[in-house]
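Here come two complexes built around chain A, the first alongside chain B, the second alongside chain C.
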Partner chain A sequence: MSVQTHQNGSRWEFITQSRVWRSFFRHGWPDNPLDRSLVMTSNIFLHLHPVKVNRRSLHWSYTFGLGVIAVVLFGVLVFTGVLLMFYYVPSVERAYPALRNIEVSVPLGQFTRNMHRWSAHLMVLVAILHLIRVFYTGAYKSPREFNWLVGVGLLLLTLGASFTGYLLPWDQLSYWAITVGTNIAGYAPLIGNAVRGILLGGPEVGQDALIRFYTLHVALIPTLLVLGISIHLWRVRKDGGLAVNDSVTPAGEVPADEHVGGMQKTSEKS
Partner chain B sequence: MINKLHGSSHELRGDPYRFTRRHLLGVVWGASTVALVGQFSVALYNYLKPQPVVGGFGGKITAGLAKEFKPGSVSYIQAGHFYISRLEDGSFLALWQRCTHLGCTVPYVSAKKQFQCPCHGSIFNRRGEVLAGPAPRPMDLFPIQVVDGKLIVDTSQAISRDKFEPSQATHV
Partner chain C sequence: MSTTNLVNTTDEIFPKQTNKTYALVELMRGDGPMVGKGPDGSVFSFPVVLLIEIILVLGVTLAVFLFSLLKQAPLEAIANPLVTTDPAKAPWYFVGLQELLEHMHPTVAGVLIPTALVLFLAVLPYVDRSRDGVGVWFTSLRGRRIAGWTALYTAVLMPAYILLDNAFSLRELLRNKTPEWVAQGLLPLAIIAVIVAVPALVLSRRKATPREVLIALFTVMIVSAVIFTLSGFFLRGPGFKMYLPWQMPNGYNPLNGL
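On to the complex of A and B.
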């Protein structure tokens, strides 16, 4: 059955038969196997999930969903971060008062800021746990070596976002943390002082550093993260979905090529 | 390999390592790309590196009249982020307030005549020498000029040093 069955006279039919409508709704109502599969395969977001998944990788304890959790946290961070940008001003005179304003005057402002802060802490934690999970399940091995490198890049970007965001409240804690942090960067051989200078825009943490950290935090790093996450998820699919770990169940108990899902459903033995 | 790629060309068959027009264009293309990326990198670095400051910290700061500083005293010049330390012999040091360990601001504790860093416990004397703590070298100096009896301190470039020497101090 398709949308057209809900027609209520010629006006509704005129709308649903129009080229604009049909270019947007590219398949019928998902009440039959074909349209149900088209919902998945013709949607970029649902399409990210592979059509075939290995039976063993469906156990929640195999991945703990850590990668998905990290992406969800990133989404929360983008949403709450954009909300905070409506009030935050990256100036040394106004940054901390703007923060206090968000906390005490803006409806749900403190909630928004806390969501942003805790999600940021959690995202760093979850990204590290995700990396550990991939390591211990051997999922970094060929053919997934390139995706491991992409993942390491994403971890560094996550830490960069965390570090740059830490300065923005412009309180004593953030000021001295960034002072110490950028000086540690200055100890790197050869490029250390250049990196420190580019980060701070001056010899000390000040207005130049604040605007640079802000720009990195709200523009450059999130853009690179979106790009990197896209490549990361694309590679998961291209490399054949989640890695199957033979050690989860004794070898031979489940055939290695057994998959469940839309395209290939195999017997229920095992 | 190359003579296979250029199999139709009669004179190439004998010498697979002959430098062909294709090689030349490849080298020109590669060199142009390297030059372009290099030019872009240098321009980007120059765009992003810290810019010189006129007035205020990062520029030239007038600390005051030399005779106003007593020998053996340490005075904080907030606008310049440095201390004027006048040694017993009457010479001057302009000590940057920045700890040489990890960059915290070092307050002067006049009761002990020491600079004590609150972050990781480095202690410096009035000549900026390390007495204790993780600081790897003495406090950095800024060059002092004496103009009409006034101390003019150039805060654009700090001087790092391994140890104190009397020649580092400026005499009026």
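On to the complex of A and C.
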């Protein structure tokens, strides 16, 4: 701020000192440790992270960023999905024409649809890869068992979101893929036909199935995903950040338990 | 209850008269206070983590953006319940199950095995209760070798099973000779169970830790899933019969079904 001219400086200061500004930004410019900490703690989104993180948890080859990539893809899907919702009609007569309309006459419609479809495939793939990396790095071990279970739930929800979305174009591809897919569910002994009936709302894929899949796809599953992802990320933080932090301390650094030892000694003395 | 008691306790916890104005909080080894860097090599989340995340957001969005410019999402003819597409395939993430269905009874392939897989994932953190090697890829060199050898083993046996059963179908060979639940249920399930169990058994005879057994089982699961998915996706053509991907009849291209 010091390089600014006197007049600019005062105008800038007038803004940044105002009560309105300061009610929005409860910290100064983050060029010092205190303000860098405040940036993180005073903002709900950034507060997902602790003020400081271990350098080793940021190594690219540890996580490959897969969890974050899954979150990003979910964001892209919500954004493009809402755009598609403005034009899509979940009716056997109108769904397919709506898709044609999106592709032919809606500005950037085909492109939005492409983004939605490719991100959806990619998110399933990325969630599976993320599970694989969490497994092989032993990051499911105590105290992260619960978050692993939340993760399994998220994977099933991701599959559910993708599967229910698959039917919506109401073309031959989607119709027969869902027929094959729901037939698999129907093979369960005793409850199979009931499960299939609940999914489809009838004996075969038709209007009842379409409205059920639509509701699951745009309302129930995304809501559960938002909830699940929130719990998942909150747990990552509560469990002490990424599991790599728990592993052996590199030479020359102070092992965590010696700090505890030091504290115990002082409390004994006093 | 007396108020004097309460006052005394409070005084014990927060002594009013203390001549100390400082306290020893912690003893540390090292050169000095944490100047610029925490005691365990930590960095400020702002801006480091934030920048990494911004790069990921932009990178992922750009990648999907570019791909969407190049490749159009498919849209076939309007759904017609009277005309089955040939082949009719599930979405790619379920096509592995569809491949499995070719080899055994639907209840086994469509219900028992998927349920077992999800249960395996759910109980796995409770089976391996050690904290050794947390946050280390494959836990140890031995773990890495186990993963590698099991992957190789599965990548040989599962395709062999698929191809053999395709050429000499148990279902056809044993038709009318044994009841259906043997030919299509018990027998294929036993074959799969043996393939899955062998690495785990070998390991437990060599005093493996639960973690190492889990690495073997998990690797068998993932590699098998990949193989069944690839087979169902790329090798199955009209009639869900097996073809080489570049020799599909009727101009069928598996990639159009994404």
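In this section, the second predicted complex is superposed on the first by the 210 of 270 C-alpha atoms of A that agree within 3 Å, B and C clash if a C-alpha of one lies under 4 Å from a C-alpha of the other, contacts with A are read in each partner's own complex, and residues count from 1 in each chain.
FYI, a contact is a pair of C-beta atoms (placed from the backbone, for glycine too) under 8 Å apart; a residue touches a chain by one contact, two chains touch by 3 or more.
No experiment lies behind these values; they were computed from the predicted model shown.
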Chain C versus chain B on the shared chain A, clash or fit after superposition: fit
Partner chain in contact with A:Ala194 - chain B first, chain C second, else both or neither: first
First (chain B), second (chain C), both or neither touched by A:Ile184: both
Touching partner for A:Gly81 - first (chain B), second (chain C), both, neither: neither
Dominant contact partner of chain A by residue count, chain C or chain B: C
Partner chain(s) touched by A:Gln172 [first = chain B, second = chain C, both, neither]: second
Touched partner set for A:Pro203, first chain B, second chain C, both or neither: first
Touched partner set for A:Ser162, first chain B, second chain C, both or neither: second
Gap in Å between nearest CA atoms once chain C and chain B share a frame through chain A: 5
Chain A positions touched by chain B in one structure and by chain C in the second: 176, 179-180, 184, 204
Complex contacts: residues of chain A adjacent to chain B: 176, 179-180, 182-184, 186, 194, 197-198, 200-204, 208
In the complex with chain A, residue positions of chain B that touch it: 45, 48-51, 53, 57-58, 81, 98, 101-104, 119, 158
Of chain A, residues touching chain C in the complex: 30, 33, 36-37, 39-40, 46, 49-56, 58, 62, 65, 68-69, 72-73, 75-76, 92, 96, 99-100, 103, 110-111, 113-119, 121-122, 124, 128, 131-132, 135-142, 144-145, 148-149, 152, 156, 159, 162-163, 166, 169-177, 179-181, 184-185, 187-189, 192, 204-206, 242-247, 249-250, 253-254, 256, 258-259, 261-263, 265-266, 269-270
Chain C to chain A touching residues, read off their complex: 23-30, 38-50, 52-53, 56-57, 60-61, 64-65, 67-69, 71-81, 83-85, 88-94, 97-98, 101, 106-107, 109-111, 118, 121-122, 124-126, 128-131, 133-139, 147, 211, 215, 218, 222, 257-258
